[in-house]
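Presented sequentially are two complexes of subunit A, the first with subunit B as partner and the second with subunit C.
And now, the complex of A and B:
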């Protein structure tokens, strides 16, 4: 079997896909697996020895050929055509697109594989996803807030890889001999087992916390941990910027060293580091794959919920500025880089200290102290079956509970509980996982409190269920007269009222987007609109059913002790 | 008028209208330096189109170094070509395109063959100096970035012709030909074609 995978964004995206890649190799040990990446990232190949071939896509060269008037006008066309022909000569059985953009979708349309999954255009440019998860990725790109899955999870769920081994970046990359050789001089020089790796620069100025902030945090940490050595990581083009930074640290008698190494060398260095202190960078993902806990500083356009450090035990320090996360494109619209300025170095140093020492019980106190400036998020990925980042100050409310219920519901929905036949989906497994996650987030909440929450939410869902049944009856009636604008308007008024009602029900707010799009659609032909409404009502019905089953399952996971049950009855 | 002169190293060198077409001191060393430059600039997977046969030594040197690559030469003067074939045995005659009228180049099968894949342009300085108008026009033709050159170049791409909208082609203005220009040329017939999809992929690179 021959499998082709496209990962045509940045190196961080390639690393985030590594659990899925390794999962594919585990599932298909005899398959030939080829991976297409942008040519400047082929340095990842030695860390992915289970990938048979890493194929460079000469994106920059093609762009140059298009933009440079001195280059023959058909050169980029000829190069691309030759590239596509070389791919098709391989006769792939499966092509998988882990990139979510139009460029990759057109490439998929040109690749002649027996089966395709991921965003793809057909010859006429009509889109297909091949999986609910890739369709979800399309929706998720535009949505805001924490009710989203991490990209690493989306990739592996889309490929039906949900095992324990795949639920982690650990061992998704394999250390190379040359990386080790590159790292050894640095490790020998530091002679220290207490390495704190630091990457102060990101690829986007908006995501930079600032070298002066890093410097201040390192100074504080050095005082607390005099045995630690700070290894500052950077690419060759960053050397000029980082040398003065390291020199200033050394001038303050801090044990600091600059390590300008390749991806392989950085991976080896990170494997020997206790923690990595960084912004939103690809090195963060590398550290996660190296098994190193990460303290990630999220400012600017960094979005922790989609691309946060995928390593259990990592901590994300997120600015509380309301303008963050900002869009990737476009410069900062404020006079100063407020989101970065208002993340105190002291707070970061304290958080990093906790992670360095491998204990987290002070995180809550730190988060409370600096609550006006930052959110402190803990990463949990061992019990939940998906990556989860929760605020250490998170209190149990319907709102906070709804987030986790919604994520699990979506997972079950995409796994097949949304289909008419229902399929064999591990509802019980997901209930157990969710209950474990809730216990981790709220360890002090009693079983009775949990049960009260579940009961209240179940009550809201039951009344919504009645309303949904009403819609279904209404739809039967509308079937024969959807072309009548008056009847359609009447029906839509009912949807508007339903939408207004669920606004106050946290668990049902996720239906709002679907309702909005159907209610506000006054351009589609009547039949199309009718079909969309039918599809939406069916989805709301099924997801409500999943929520109810989850809540009942969860209630079973939080049994009330016998004596207290009697008290409840009183 | 074409003359033959003897260089200091004993090699024969051509002269046209009093202008030398290679070094009168050491044409082989000059040819090696030229070939060094060409080799350093071009990738392994590209064919090379040399503008000007000169006295042939530079083409012979490059051909010896790049035996795995397709090397074509465009030469204006028939007499120069005949003299060079006598001087240099290491040049493939079937890849020398002799055509005094550059506009007719696009009609020649061997020229179309030369433009079949990715090609790079390697001008020969002395040939350029003797006839800058001709070789300048060929250079522009090969790049295809002005309207006339582009339309002539399209003759070497017959697979595109049925996909283009005639009105849009006629409406091409004087601006430099870019991917935006090309995207506007496709007709509704082109939707779904492989060629159109490749261009659509390229368009995403400049969005």
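And now, the complex of A and C:
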């Protein structure tokens, strides 16, 4: 079997896809797997030795031809044609698109493969996804807030690779001999096992916390941990900027060293580091794959919930500025880079100190102290079956509980639960994983409190269930006369009342977007509108059923001790 | 004072990108019924490559018409 995978964003996106690539290799050990990446990122190839071929896409060269007066526009066209022809000559059995942009969708439409998964345009120019997960990926880029899956998880789940490995990042990237050769001189020179790696620069100015802030945080940490050596990582083109930064640290008698290395070298260095202090960089993803905990400073367009550090025990320090995360395109609209300026260096140093020492019990106190400026998120990826980042100040409310229930419900739904064609879905496994996650986030909540919460939420869902049954009857009635505007209006009025009612029920707020789209759609033809309403009601019904089963399953995971049960009865 | 200011390199690049985009979009429009054949799909791909470079465009994510 021959598999082609497209990953046409940046290097961090390729690394985030690595667990899915590794999972594919494990599942199909005999397959030939080829990976297309932008040509400037082929440096990742030595870290992916289980990929048979990394194919460069000459994006910059094509773009140069299109914006250069001396080059005919159609030279790029000819180049593109020969590139696509070379791919099609391979006769791929499966093509998988792990990129969510229109460019990759057009490329997928040109690739001839027996099966395709991921965003693509079909012969009529209509979009196709090949999986609920890729459809979701396309929609979730618009949604704000924490009710989203990490990109790494979306890729794994979309390719049905959940549970392929206990630790999804294990062996996702493999250390290379040349990387080790690059790292050894640095490691020998430092002669220390207490390395704190630092990557102060990012690819986007908006994501930069600022070298002065990094410098201040390092000074504070150096006072607290005099045994530590700070290894400042940088790509060759960043050397000029980083040299003065490291010199200033050394002038203050801090053990600091600049390591200008390739991706391979950085990976080997990170493997020997205790922690990495960085912004939203590809090095962050590299550290996660190297097994190193990360302290991530999340400012500007960095999105902690989709691309945060995928390593258990990592911590994300996130700005509280309301404009963050801002869009990738466009410059910062504020007079100053407030989101970066208002993240205090001492707070970052304190958080990094906790992670460095491998303990977390003071994180809450630090987060409370600096709550006006930052939020501190802990990363959990071992028990929940999906990557989870939660605020250390998170209190147990129906709203916070709804986020986790919603994510698990979506996962089960996309896996086919509730559909007539759905296969075996591991409901029990997901219930156990979710209960573990809830215990990790709220360790002090008693079983009785949990059960009260679950009972309250179940009551709300039950009333929604009755309402949905009413809609089903209404739809039957509407079936023969959906072209009658008066009857359609009456039905939509019922949906509007339902939407107003669920506004105050956290667990059902996720239905709101779907309801909004059908309620506000008064331009589609009557049949299209009717069909959309039918599928929405069916979706709400299925998801409500999953919620109910989840809540009942969870109640079983929090048994009330026998003595307390008797007291409750009294 | 000179009547015409020299364009900056960015402005020149933008100008040529816009020219290329217009040329490709004209060709796509001209094809009409065959707008989704292989040639037109290649054109669409080039169109995305140009749009990526123009300011205020962000084709990182598939939104809008992909829905």
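Throughout what follows, the second predicted complex is superposed on the first by the 563 of 570 C-alpha atoms of A that agree within 3 Å, B and C clash if a C-alpha of one lies under 4 Å from a C-alpha of the other, contacts with A are read in each partner's own complex, and residues count from 1 in each chain.
What we mean here is this: a residue touches a chain if its C-beta (ideal position, glycine included) is under 8 Å from a C-beta of that chain, and two chains touch if they have at least 3 such contacts.
Source: prediction; values computed, not measured.
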| item | value |
| --- | --- |
| Clash or fit (per the criteria above) of subunit B with subunit C on subunit A | clash |
| Subunit B versus subunit C as contact partner of A:371, first or second or both or neither | neither |
| Touching partner for A:100 - first (subunit B), second (subunit C), both, neither | second |
| Touching partner for A:177 - first (subunit B), second (subunit C), both, neither | neither |
| Touching partner for A:59 - first (subunit B), second (subunit C), both, neither | both |
| First, second, both or neither for A:82, with subunit B first and subunit C second | first |
| Touched partner set for A:115, first subunit B, second subunit C, both or neither | neither |
| Partner chain(s) touched by A:138 [first = subunit B, second = subunit C, both, neither] | second |
| Contacts of A:481 with subunit B and subunit C, given as first, second, both or neither | neither |
| Footprint overlap on subunit A, where subunit B in one structure and subunit C in the other make contact | 59, 62-63, 66-67, 69, 73, 76-77, 80-81, 84, 101-103, 106-107, 109-110, 121, 123-125 |
| Sites on subunit C touched by subunit A in the complex | 13, 16-17, 20, 23-24, 35-36, 38, 41-46, 48-50, 52-53, 56-63, 65-67 |
| Subunit B contact footprint on subunit A (complex, rising order) | 59, 62-63, 66-67, 69-82, 84, 101-103, 106-107, 109-110, 121, 123-125 |
| Touch list for subunit B against partner subunit A, complex | 45, 115, 117-119, 121, 142-145, 150, 153, 157, 176-179, 182, 191-194, 197-202, 204-207 |
| Residue ranges of subunit A touching subunit C (in the complex, touch as defined) | 9, 59, 62-63, 66-69, 73, 76-77, 80-81, 84, 100-103, 105-107, 109-110, 119, 121, 123-125, 127, 138-139, 141-142, 327-330 |
